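Before anything else, here's the structure in question.
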Amino acid sequence: MWPSGGIIDTAMPDYFGLTEYFTKVLHGKSYGGQTDLARYDTYYYQEEAAMIMMEDICKSYHVAKRTGGFKEACRTLFHREYETIRALDHVSFTIEDGEMVGYIGPNGAGKSSTIKILSGILTPEEGTCTVDGKVPWKDRVSYVKDIGVVFGQRTQLWWDVPVIDSYELLKDIYKIPKETYHNHLEELVSLLNLGELLKTPARQLSLGQRMRCEIAASLLHGPKLLFLDEPTIGLDAVSKLAVREFILRQNRDHGTTVILTTHDMQDIEALTHRIILIGKGRVLMDGNLNQIKRGTGSIDETVAELYRSYEIAEVGS
Amino acid sequence: MKKYLSFFRLRFLMNLQYRTAAWAGIATQFVWGGLEIAVFGAFYKTQPEQFPMTFQATVNYIWLQQAFLALFAAWILENEIFESIRDGNIAYEMCRPLHIYPMLFARGLAVRVSRAVLRCFPVLLFAVVLPGPYGVSAPESAEALCLFFITMILGALVTVAFGTLIYVSAFFTISAQGLRLMVTCVMDFFNGAIIPLPFFPDKVRAVMELLPFAAMQNVPLRVYSGDLAGREALRAATLQIFWLFVLAGAGQLLMKRAEQKVRIQGG
Amino acid sequence: MRDAVKLYGRYVSIHVKSLMQYKVSFLLMAIAQFMVSFNVFLGVFFMFQRFSAVGEFTYSQVVLCFSIFLMEFSLAECVGRGFDVFSTMVRKGEFDRVLVRPRGLILQVLGSRFELTRIGRMIQALVMFVYGIRGSGIVWNGPKIMTVVFMLIGGTVLFFGIFLVGAALCFFTLEGLEIMNIFTDGAREYGKYPMGVYGKRVIQLCTFIIPYALVQYYPLLYLLDKRREPWLAVLPLLAALFLIPSYGFWRFGVRRYQSAGS
């Protein structure tokens, strides 16, 4: 488990006056300045066989330059320039079994690339990564059996048929034994209050109802690891609370490891102790939210301050 | 007027961005033109005496059809517009200082013209260098060329007017996709996209030539080689103008009713 | 394998259920789909009002040829539609979802669509088939029946292979896909006439590059007694081997997707 009171800050200057929190430095080797303590920690975590170990992961994309002007556009008809964008630049972190981690950063910071790598969709160029002892991008089928993914903005429910039909399909896809399926379903239905919803076609559900059904769909097979990509986006206050409460419970009762990406800082505040801040493809901060809070500022203000201090904010300050 | 012109600028820019799509489209048109000519060539070799127009005129018809496909093809309709009609987002357009009918018309024309300008030259160039009867020949006369351009503009306008009418009808139908496909089929059949109108039996053809569909690509593509010339050509051009006014008028009227419907029922 | 069949059955049942929600719209789409190919037929019909033959083929022989080809295409489209419209799947990020599920990619993409609206075309193909048979004077026997069966199998598999190639292409370009129309819609459109009509070079391309002629022209010659070599009847099965390189290309595309992202 994550030691309490630890904040790991690899790149930040002593901005918040947090020197006292530098109790641990993970993967010191990427950034030099190794301490004995850091070496000890790396060793320590490996021995614990963490749920997720990501080390020096790099990923870049080739993107065609799109230009504005008319003349420029004509020229690109015959010749197009490409640029390389470094989406992930030596990203390293470790997440323990049963931990709940908020993965935050502005748009385009590299969050979704990380999630894609962790869920086996994308293969990185450099670096190593093991999740539950397996390499995500090797042997896809056997790896993805044990993970669940909720893409907040895309639905996995079939639009025109009752939700239960989508679940039955998932049962076949994951080859969930009958009994396990019924147990899981029963529990999810009661915790997420899905009762009536199961018979409703997904297209008739409200956003909040749909998100609850979505989350249940990702947990039917009882994954050890759950990725939640913006699970509360667009939800009303009641639904948000219900979703948060459920996630907490799932983590507490089943020890499901949860990685949460979100722009809603209240999600983070309610759910996670640890946050990993990523910006421009680098892990900028890895630590406990409470400790970066200064005075009475709201959590949004705190995070905005953080973004600005790292110069990763999209809007100039 | 200026605000409607901006749709053209936007379209041109967009199409220029998608250069791969343009090249892929051009390649497709080469192949389709080639195969089409091969079919007519095979019929010609089997029974040349049954050919209703000269073989060269047929070949010209096919290549010009491919080169200016974007101007006349029935299927060039924007899904985006159908979508916005279906989900009621079109109502937002009504908040802007634009009239919906001219806007739809301008968008329809912009899509077609921008595509055609980008794609016609490679196809034409290719068709011109092709040898013998399989390539495009010079136009019948300077007059024919002149009339070709005029009737081409008219034909494109009629096509757009008809397309806009389809958009407007989508306000009143349940399945815009079904409607779209069906109308496209009817249009393809009657406008000479499947086979040129002269190849139909005379009685059928006499009726077809009066329909608005004959006022689209049929006229310019035949005028070019002199298959349609003199008084007949003038009559065809007059019919084009007639249908342009009728279709545009019908579209405007229907649009007024659609706007009322949207105002009252909210889409 | 049994699991896979069961899962596919589940997919199909969901599609049928969804469809029942939109009966009118389904009917309209089926009719519209029918009209698209009926238009092509009308083109043939009116050409033969003027001409009595094209090359060595009469009207009913052309109709027969067209009917078999259309049936193959519609079958492949009905089942393999998920690959035909794969670009939407990639664009919308639905393929990521497929990747995080512990089942075969092909099975999942197959299951993502089931295009029953093609029923209109199949009916048309059947009607034309009956009509074509009646006029083309085929003396039926075992080998001839088998030829038709082989044509249907080989052609459907071939079209499926082409859809697979088109889908794999989505991993490289989403804009350039229009080129695939040549091989799908173009084939459906121009496959109405026996390929011999298009000349020697087209035949060569359609024999060695994309083996349309193996499922259409050569077995047709055998069927119509224009040539008697029995191996012509088995050529469609050879064409099914096209699936091997298509599958290879698909795998290659998937790997690229996983390394380059979208």
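A, B and C are the chain letters, set down in written order, and residue numbers restart from 1 in every chain.
The criterion applied here is as follows: a contact is a pair of C-beta atoms (placed from the backbone, for glycine too) under 8 Å apart; a residue touches a chain by one contact, two chains touch by 3 or more.
Here the structure is a predicted model, which means the values were calculated and not measured.
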Quiz item: Taking every chain's C-alpha mean, which one sits closest to the mean of all protein C-alpha atoms?
Solution: C
Quiz item: Based on the averaged CA atom positions, which chain is farthest from chain B?
Solution: A
Self-check item: Inter-centroid spacing, chain C versus chain A (mean Cα positions, whole Å)
Solution: 42
Exercise. Determine the centre-to-centre distance between chain B and chain C, using the mean Cα coordinates as centres, and give it in whole Å.
Key: 28
Practice problem: Please compute the C-alpha centroid of chain A, do the same for chain B, then give the distance between them in whole Å. | Solution: 50
Quiz item: At which residue positions does chain B touch at least two other chains?
Solution: 19
Quiz prompt | Touching two or more other chains - residue numbers and ranges from chain C | solution = none
Quiz item: Which residues of chain B touch chain C in their complex?
Solution: 18-21, 23-25, 27-28, 31-32, 35, 38-39, 41-43, 45-47, 50, 52, 174-175, 177-182, 185-186, 188-189, 194-195, 199-201, 204
Practice problem: Please name which positions on chain A make contact with chain C in the complex. | Solution: 59, 61-62, 87, 113, 116, 119-123, 125, 137, 140-142, 144-145, 147, 149, 151, 154, 156, 158-161, 165-166, 168-169, 172-175, 201
Self-check item: Contact footprint of chain B on chain C as seen in their complex
Solution: 24-25, 28-29, 31-33, 35-36, 38-40, 42-43, 46-47, 49-55, 173, 175-179, 181-182, 186, 189-190, 193, 197-199, 202
Practice problem: Can you check the complex and tell me which residues of chain C touch chain A? | Solution: 3, 6-7, 10-11, 14, 17-18, 21-22, 92-94, 96-97, 99-104, 108, 258-261
